[in-house]
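Each structure below appears as structure tokens.
Across the two complexes that follow, chain A remains constant while its partner is chain B and subsequently chain C.
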Partner chain A sequence: MTGYLSDVAALARKDLVVELRTRDTVPSMLLFVVAALVVFHFALPEGSSRLAAGGMLWIALLFTALLALVRAFVGERDEGTLDGLLLAPCDRSAIWLGKTLSVLAFLLFAEAVALPAFALFYEPLTWELVAGVALANVGIATVGTLLGAMAAATRARELLLPLLFLPVALPLVVGGVGATLADEPGRYLAFLGLYDLIFAILSWASFEYVVTE
Partner chain B sequence: MSTSLRNNGAALLSLAAAALLVAGISLALFWAPEDVDQGILQKIFYVHVPVALTAYAAFGWGAWKALRLLWKGGDRYDLESYTAVHMGVIFGVLTLVTGSIWAKASWGHWWVWSERQLTLFLILFLFYSAYFMLRYSTDPGPRRARTSAVYALFGVALIPVSFLAIRLAEGLIHPVVFTRDGPQMDGAMFLTFCVCLAGMLALGGGLYLLELAGKRADASLQELRERLT
Partner chain C sequence: MIRASGLGRRFGERRVLKGIDFQLDRGEFLLVTGPNGSGKTTLLRLLAGLLAPTDGTLEVEIDRGRVGFLGHEPLLYRDLTALENLDLYGRLYRVSERRERAGMLLERYGLWEARAEPTASFSRGMMQRLALCRTLLHQPELLLLDEPFSALDTEGAELLDAELGGNGPRTVVVASHQPERIAAHSTRRLALA
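Let's turn to the complex of A and B:
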């Protein structure tokens, strides 16, 4: 068990070190999410409600997450890193978990900018919103990493990931927007937790089938 | 099972589907009582709901074959899973069309977001359309088979989760016919519904076997061609 966890930690650390050296993904995510929030200001008509702003925030977060997910495996495949990882003497699901953790870290970075920017431009933050974002992150990272690995193996690559990801991520939007805006956010937070649990188990169990030749 | 027996299965199911659907529709039109609220409009229920249930059955069957593939391996499960999903999408589109007609007739709009089942089918339609994109964008081989299988399995997990999501997100307009206390309809209506459902399932099964035979013939032909060249 400790061997498994140290494999996961090493794999996640590898992604973070690569990102620290190349600075490929996180800066573009930060810029994208702030740009999206600015565009939404002009897309919403004058005097729109806080409900609309809350919904827009979730669209911005989801699309920003797509940037991280697209980058997660395309690089691995182009440079042939994935073959090396598959040859490494570790459980294949450890690759998925390591990648999920690094994607999660990128999402947290992006949200550390996006949520204050949202508070500045639109509405003050609530604890329900922050809890919803935290739970949705887990779902986005777990499912997105698996689908990213699937999409990276196809000819269409980056083009395919949003098509695969958006229908599966739709319940996350429902849960997230509900947690942000509804009178009883508890139900929506519980729903997000349930989603995370179901899809984390499914992704963890099925990753090996997706990456092996 | 020999090929001829399989083809006979398709023919037999098609005949059963034709007989049951003609019987079911005649029962629906001439025997089952008219609904007190909706009148003649309610008759589309005998088509819409069986089509929807057949689509669910096809998706479930596809996921089951996908599970078998991941478990045991083997090309035949890939083709079976793919064909089942294909049938599911066709019946899913029919569900969207008939649901849309019902919505227009009942509520005056072609699309009603608060109709949960219809919204669910729209999500499933998007999801399974991406399944085809995934398949066509990957080179044939064991890897494509496994990736498609994992995606098909995600589909059956997505159905209840999305349903819960839509339930959380929307109000209630859709008439709830099946509750925990059993079907809320007249005995004659229920019998008609069962005949229609059996007919639609037979139609789905027949089409599935026919399509499968066609795809297998295609694959064999391709193999022969490759051997000749």
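Let's turn to the complex of A and C:
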């Protein structure tokens, strides 16, 4: 178990170091999510309800996440380093978990800017909204990393990933919007937690079959 | 240690490798030759476990972690330094005293001075040297080398020659367009058509 966690930590750390040096992903996520919130702010008619604002936030977060997911395995595929990782004696699921953790870190960076921007342009943050975003992050990162690995193996990854990811992520939007706006957010937060659990197990168990023959 | 029987590989309709039979015992050195497109790279990728056979059987009685593979790609992260790349692989291969081992290899292959530079700044020859360091880092029992002399200068090629000459109990499979260079080391030869 210690060896497994050490592999996961080494792989996640590698992604974070690469991102710190290249700044390929996080800055584009930050720019996109802020730009989207600004555009939505001016696109919504004055006096629009908080229901519309909540929905806009979730759309912005989901499409921002796609930027991280599309790039998640680009380095491994373009530089061929995925073969290097597959040859190593570590459990293949450690590759998935390491990548999932780095995607999660990128999402947290983006949301550290997006949520205050939402509060500035729309309405104050609530604990239900923050909890919903935190739970949705886990679902986005777990299933998105798996689908990112699948899409990265194809030439049309930028097209294929949204086609694969958005339908699977719809329950996250339903749960997230429900947690943000419903009178009883607990049910929706529990739904998000259940989604996270199921898709984390499925992704963890199936990653090896996605990246090997 | 390695047994191939009727081994073949197809990619869609295209058959790249067909009816390969051989057996290799521990400590043997197999030289694989053949023209472009004859399946040398595919054979090495099958032996490494990166591809699965579509025909025949292949048995490799060795743990994945004891295989060293050098392919056409260096399998190195361009935005990590030479030392960081070797440290990452050292961790994943559970190399004891990985920093010392990485330092020793970088010294041997003339990369110590460049150890803190991102490999994106490396020349092709330096990348090949570092890829060799990566391949040898965990002291593999089975060494799979695909055109290992490509991009190496005279000094680098001599270092690799010396590495292959001191084979010991290690099993080696080399695919090369320059068979004369390593013919002296080889104990077996497989010519692909």
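In this section, the second predicted complex is superposed on the first by the 212 of 213 C-alpha atoms of A that agree within 3 Å, B and C clash if a C-alpha of one lies under 4 Å from a C-alpha of the other, contacts with A are read in each partner's own complex, and residues count from 1 in each chain.
What we mean here is this: a residue touches a chain if its C-beta (ideal position, glycine included) is under 8 Å from a C-beta of that chain, and two chains touch if they have at least 3 such contacts.
Everything quoted here is computed from the prediction, not taken from an experiment.
Enquirer: Will chain C clash with chain B on chain A after the two structures are superposed, or do they fit?
Expert: Here chain B and chain C can both sit on chain A without a clash.
Enquirer: Touch check for A:112: first (chain B), second (chain C), both, or neither?
Expert: neither
Enquirer: Name the contact category of A:35: first (chain B only), second (chain C only), both, or neither.
Expert: neither
Enquirer: Applying the document's definition of touch, where does A:79 land relative to chain B and chain C: first, second, both, or neither?
Expert: After superposition on chain A, A:79 lies in contact with chain C alone.
Enquirer: Just to be sure I read the superposition right, which of the two partners does A:213 touch: chain B = first, chain C = second, or both, or neither?
Expert: Touch status of A:213: both partners.
Enquirer: Where does A:195 make contact in the superposed view: on chain B (first), on chain C (second), on both, or on neither?
Expert: Touch partner of A:195: chain B, not chain C.
Enquirer: Looking at the overlay, does A:10 come into contact with chain B only (first), chain C only (second), both, or neither?
Expert: second
Enquirer: Would you check which partner chain A:88 touches, where first means chain B only, second means chain C only, and both and neither mean what they say?
Expert: second
Enquirer: State whether A:21 touches chain B only (first), chain C only (second), both chains, or neither.
Expert: second
Enquirer: From the overlay on chain A, compute the angle at chain A's CA centre subtended by chain B and chain C, rounding to the nearest 10 degrees.
Expert: Computed from the C-alpha centres, it is 90 degrees.
Enquirer: By residue count, is chain A touched more by chain B or by chain C?
Expert: Looking at chain A, the partner in contact with more of its residues is B.
Enquirer: By how many Å are the closest C-alpha atoms of chain B and chain C apart after the superposition?
Expert: Minimum C-alpha separation, chain B to chain C, in the superposed model is 6 Å.
Enquirer: Following superposition on chain A, which residues of chain A contact chain B and also contact chain C?
Expert: 213
Enquirer: Give the list of chain A residues in touch with chain C in this complex.
Expert: Where chain A meets chain C, its residues are 3, 6-7, 10-11, 14, 17-18, 21-22, 75, 79-81, 83-90, 213.
Enquirer: Okay, in this complex, where on chain A does chain B touch?
Expert: Touch list, chain A to chain B: 146, 150-151, 153-156, 160, 163-164, 166-168, 170-171, 174-175, 178, 187-188, 191, 194-195, 198-199, 202, 206, 209-210, 212-213.
Enquirer: Residues of chain C touching chain A in their complex?
Expert: Where chain C meets chain A, its residues are 48-52, 63-65, 67, 69, 71, 73-80, 84, 88-89, 91-94, 118, 134.
Enquirer: Name, in rising order, each residue of chain B that touches chain A in their complex.
Expert: It is residues 70, 123-124, 126-127, 129-130, 133-134, 137-139, 142-143, 146-147, 149-151, 153-154, 157-158, 161-162, 164-166, 168-169 of chain B that touch chain A.
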